[in-house]
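Shared chain: chain A. Partners: chain B in the first complex, chain C in the second.
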Partner chain A sequence: MCVSMLYPVARYISPPEVPEASTQSVVAGREGDLKPNQGKIFRFGEQPGILVRTEDGGYRALSATCTHLNCTVQFRGDLKQIWCACHNGFYDLSGKNVSGPPPRPLEEYKVNVADGEIVVSRA
Partner chain B sequence: MRRPAILPALLLLVPGAFAAEPTKPAKPPALESSCVTCHKDLDGELQQPAVMAAEDIHFLKGLGCNDCHGGNPQAGADGDLDAAHDPKKGWSGRPHRKDIPVFCAKCHADAAFMKRFDPKARVDQLQEYRTSVHGKKNAAGDERVAVCVDCHGVHGIRAVKDPRAKVYPANVADTCARCHNDAALMGHYFIEIGQVDAYKKSVHARALYDKGDMSAPTCNDCHGSHGAVPPGVESIAGVCGTCHTREATLFRDTEAKKGIDLSACIQCVMCHSNHAVLPPTDDMLGVGDKSTCTACHAAGEPGYQAAKEMGEDVVRLTGTLREATELLDRAEQAGMAVGPDRFALKKAGDQLVESKVLAHGFDLGRFKEASTEGIKAAEAGLTAGHRAFAELRFRRKGLALSLIVIAAVIAGLAFKVRQIERGGGR
Partner chain C sequence: MNWPKPGRIRDWIEERLELSALEEMGRHKRVPVHRHSIWYYMGGMTLFLFGLQVATGILLLLYYRPSAGEAFESVQFIMTQVPFGWLIRSIHSWSANLLVFVLFVHMFSVFFMKAYRRPREITWFSGVALLALTMAFGFSGYLLPWNTLAFFATQVGTEVAGAVPVVGHFMLKLLRGGEHVTGGTLTRFYGFHVAVLPATATLLLGLHLLLVQKHGMSVPPAIESEAKREGREARTMPFLPNFLLRDLIGWCVAIGILAALAAILPWELGTKADPFAPAPAGIRPEWYFCWMFQTLKLLPGHVLGIEGELIGIFGIGLAGLVWLLVPFLDPGTPGTGGRSRLFSAFGVLAILYMAIMTVWVYVAPGG
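And now, the complex of A and B:
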């Protein structure tokens, strides 16, 4: 009986998962996850980000939310550009909107590689 | 005839006499010509060119009145009109309205000349104009039809990128409306008016005016600028497809695959209208009252059944997505962490857009792949929202129970203390 009374109390006292403050930095992946000229989507707070490994082995990270109608963009290795499938919008690897309807560039993030981890932070 | 030009001339000799705020660009030398000096002192129509010149793109690039009209800009400041308007110096005066396109093209069709100011400048405006309805009528001698100055202004012409320019994207519709909303003028050509009013209610206009999205289409994006023509039935999908590429490709693939000519009955405007393109709604799909599918597909046809299923899926996906979003919003306001669930729910939104795009291919199989995935993601979001509220309810009950336990312990302790005190007292 003591346990049945104390368990809910203990469960209540244990803190819930804390709502995320605006995320400033995340580990987007590990070195070796991506081959050159490849990209992937990662979670940056509640929003998607896109991490691209360029042909020369460097990394670029940007917001993956299209500035036109908020669709999630993807990397097109054949064009070496970021593409929004919804209305065929294109961005270059610095996030600049280069064709199609997107009105603004994608937000660019800072990328640091430390101990094999790719850390993406807001600039 | 002498003109009172002494004071301006003296002021020109005084450094800084005209200097205003330091941020203003230096006055172009062309403004110091005798043309400007004399015309500023005239009245009305003859004064306007000199007044408006200060902000004219041509003047800002260093060109002067004589570069268009000829004459001698160094003569005439002393009032010698004949010396300034000397035909031997190329003085041509005011061009006749019907000759204006050729007049402007003297420079604007000269690639070598234009490169001096802008290496990327287009020089095909006259050529384009000749393909337009305006240009064809101009060539046939129609003097009412639009020429360069009707859209760009006469003097005081500004660069397209200047927000004050008549041809700046946000001003184009009003510039076109000056003629195309003029019932008397349009009556000569049996053209209806009201296109600009319809456009201003459209989703394109809302993006341009309300969101300030300068990439949103205005009149010239669909009709062309100098080569303005109404797009023909066969080219409408191509016109819309310059921005809505995927929809246009899916639409064309349908035509190609099925080997049927859809151009006669189905084009973008049939479902979306032309100038008043309204935001697409869920009930445009399906077989309800507002369905656009039923304009071609009657009950019993496979197309009707496909439309019905598409409509049902889109309504279900939109409804579930909305419900899940509201639930997660409320859970977040109540203090629960729903970040990962929101992230996962974004997939439902993406698939909703994808489904609506795929509807243009009329392929129920492909459409259902996207809509089913979206519905699954939206339902997962809904489940996550319910789970967050279950956790919240549990925690609230836990709070109540723990308060009862704490109160009981306090009461018990108080009772015990009193008991000990009474025992000690004896």
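And now, the complex of A and C:
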């Protein structure tokens, strides 16, 4: 009796799995959007990614979700590092966690520039 | 037509409700008078502010809309278009903060007065549960305006819950209504904030107050033994009306302070949450979460091979458990008026830790 009443409730409160179309590749911007030593957030499916144009003009793309507690990171041109404002975590431009609380590196994506479009895809 | 005499109306009500029993109870209720009596007002003040939250919260409900597309705009509407909307919302927000502050004062005062000793252990437990519920109120309410600070506070807070071993992922999904913080999370938090938490808090408050009524106010052991040494009865005053009138003065002052705060410093709204914007510099939670926030910030990525955040969560959880079990951990022998100064020192340490961490957040936002 109890079980037959509680079971549906227990199932009801845990949300159904919504299959997330796992995004493999997106256009993160156009060439010329970013100056050297600048970064921006782009949508990688449902999640934020970060695109950085390095000083020598190359591009780096990484997951923008901090591996510590999920805040969205940003590029710090003054330090040439990726910074998470939430608990002062730092990553280098290959996504490696270099200081502060983050325990793991940021996932790195592949960047291809074709016809002026910056295409980011999962490695 | 023949109107019944006033006395007969009273008899009619008395026969059905027996209010004289309540009256009798009220007449007997007395409050001890000694140099620490001021702390007896803190629980009543917390109760008053809770009532104020319920009243202003219900008013906010008339215009608030719990969805990602409309929440921010509806609070903006309350602040700018609805007559006195700014007042109601600012009082709800300021009073929430004052409530948490007074609750802490109440809790630490009963701790230092050792009011948790036999037979008041369950009163203490229900108080700790009310503390947890109040923090949950603050955490869930904070998200409701759907602004940037709230969005990231919820990211971090729910991720902390998710890091708990074994049940973590289940809790994370339960809180977020999915894997990520979305409009679905907002709708859930709204349900917690205006239905689940108020209902649970009302029940617990009922238990808490019933036990206070049953056991009467506790007198600190030091005061008790002093009175015994001097061979006199401890002084008391009637609750009705003497103590209640003093309560009322305090509540009037609180209303005055809140109205002034709302008028001079109306509560801010910030910018609308954007899931694709980075966390802003200088981000921090409400002041009463700051000591945990700073603890998490200070822990490095790994300590002895274990992830720093896990150690932080374990430490905070342990502190909560110790705090809950205070009535059983105090070695001061109950009943004999014995007290352990060492145990009180733990309370002082706890306050110092929380105060230092909190001040740190405010003076060195980057570090």
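Methods note: the second predicted complex is superposed on the first by the 103 of 123 C-alpha atoms of A that agree within 3 Å, B and C clash if a C-alpha of one lies under 4 Å from a C-alpha of the other, contacts with A are read in each partner's own complex, and residues count from 1 in each chain.
Criterion: contacts are C-beta pairs under 8 Å (C-beta built on N, C-alpha and C of every residue); 3 or more make two chains touch, one makes a residue touch a chain.
On a predicted model such as this, the values are computed, not experimentally measured, just so you know.
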item: Which of chain B and chain C A:Cys86 touches, first, second, both or neither; value: both
item: Touched partner set for A:Gly45, first chain B, second chain C, both or neither; value: first
item: First, second, both or neither for A:Pro102, with chain B first and chain C second; value: both
item: First (chain B), second (chain C), both or neither touched by A:Val73; value: second
item: Common interface residues of chain A - those touching chain B in one complex and chain C in the other; value: 13, 18, 20, 43, 46-48, 69-72, 85-88, 97, 100-103
item: Chain B-touching residues of chain A, taken from the complex the two chains share; value: 5, 8-9, 11-13, 16-20, 43, 45-48, 69-72, 85-88, 97, 100-103
item: Interfacial residue positions of chain C with respect to chain A in the complex; value: 152, 155-156, 159-160, 163, 170, 173-174, 177-180, 184, 275-283, 293, 296-297, 299-302, 307-309, 366-367
item: Chain A to chain C touching residues, read off their complex; value: 13-15, 18, 20, 41-43, 46-48, 50, 64, 66, 68-74, 84-88, 97, 100-104
item: Complex contact set, residues of chain B against chain A; value: 207, 211, 213-216, 243-246, 332, 335-340, 342-343, 346-347, 349-350, 353-354, 357, 391, 394-395, 397-399, 401-402, 405
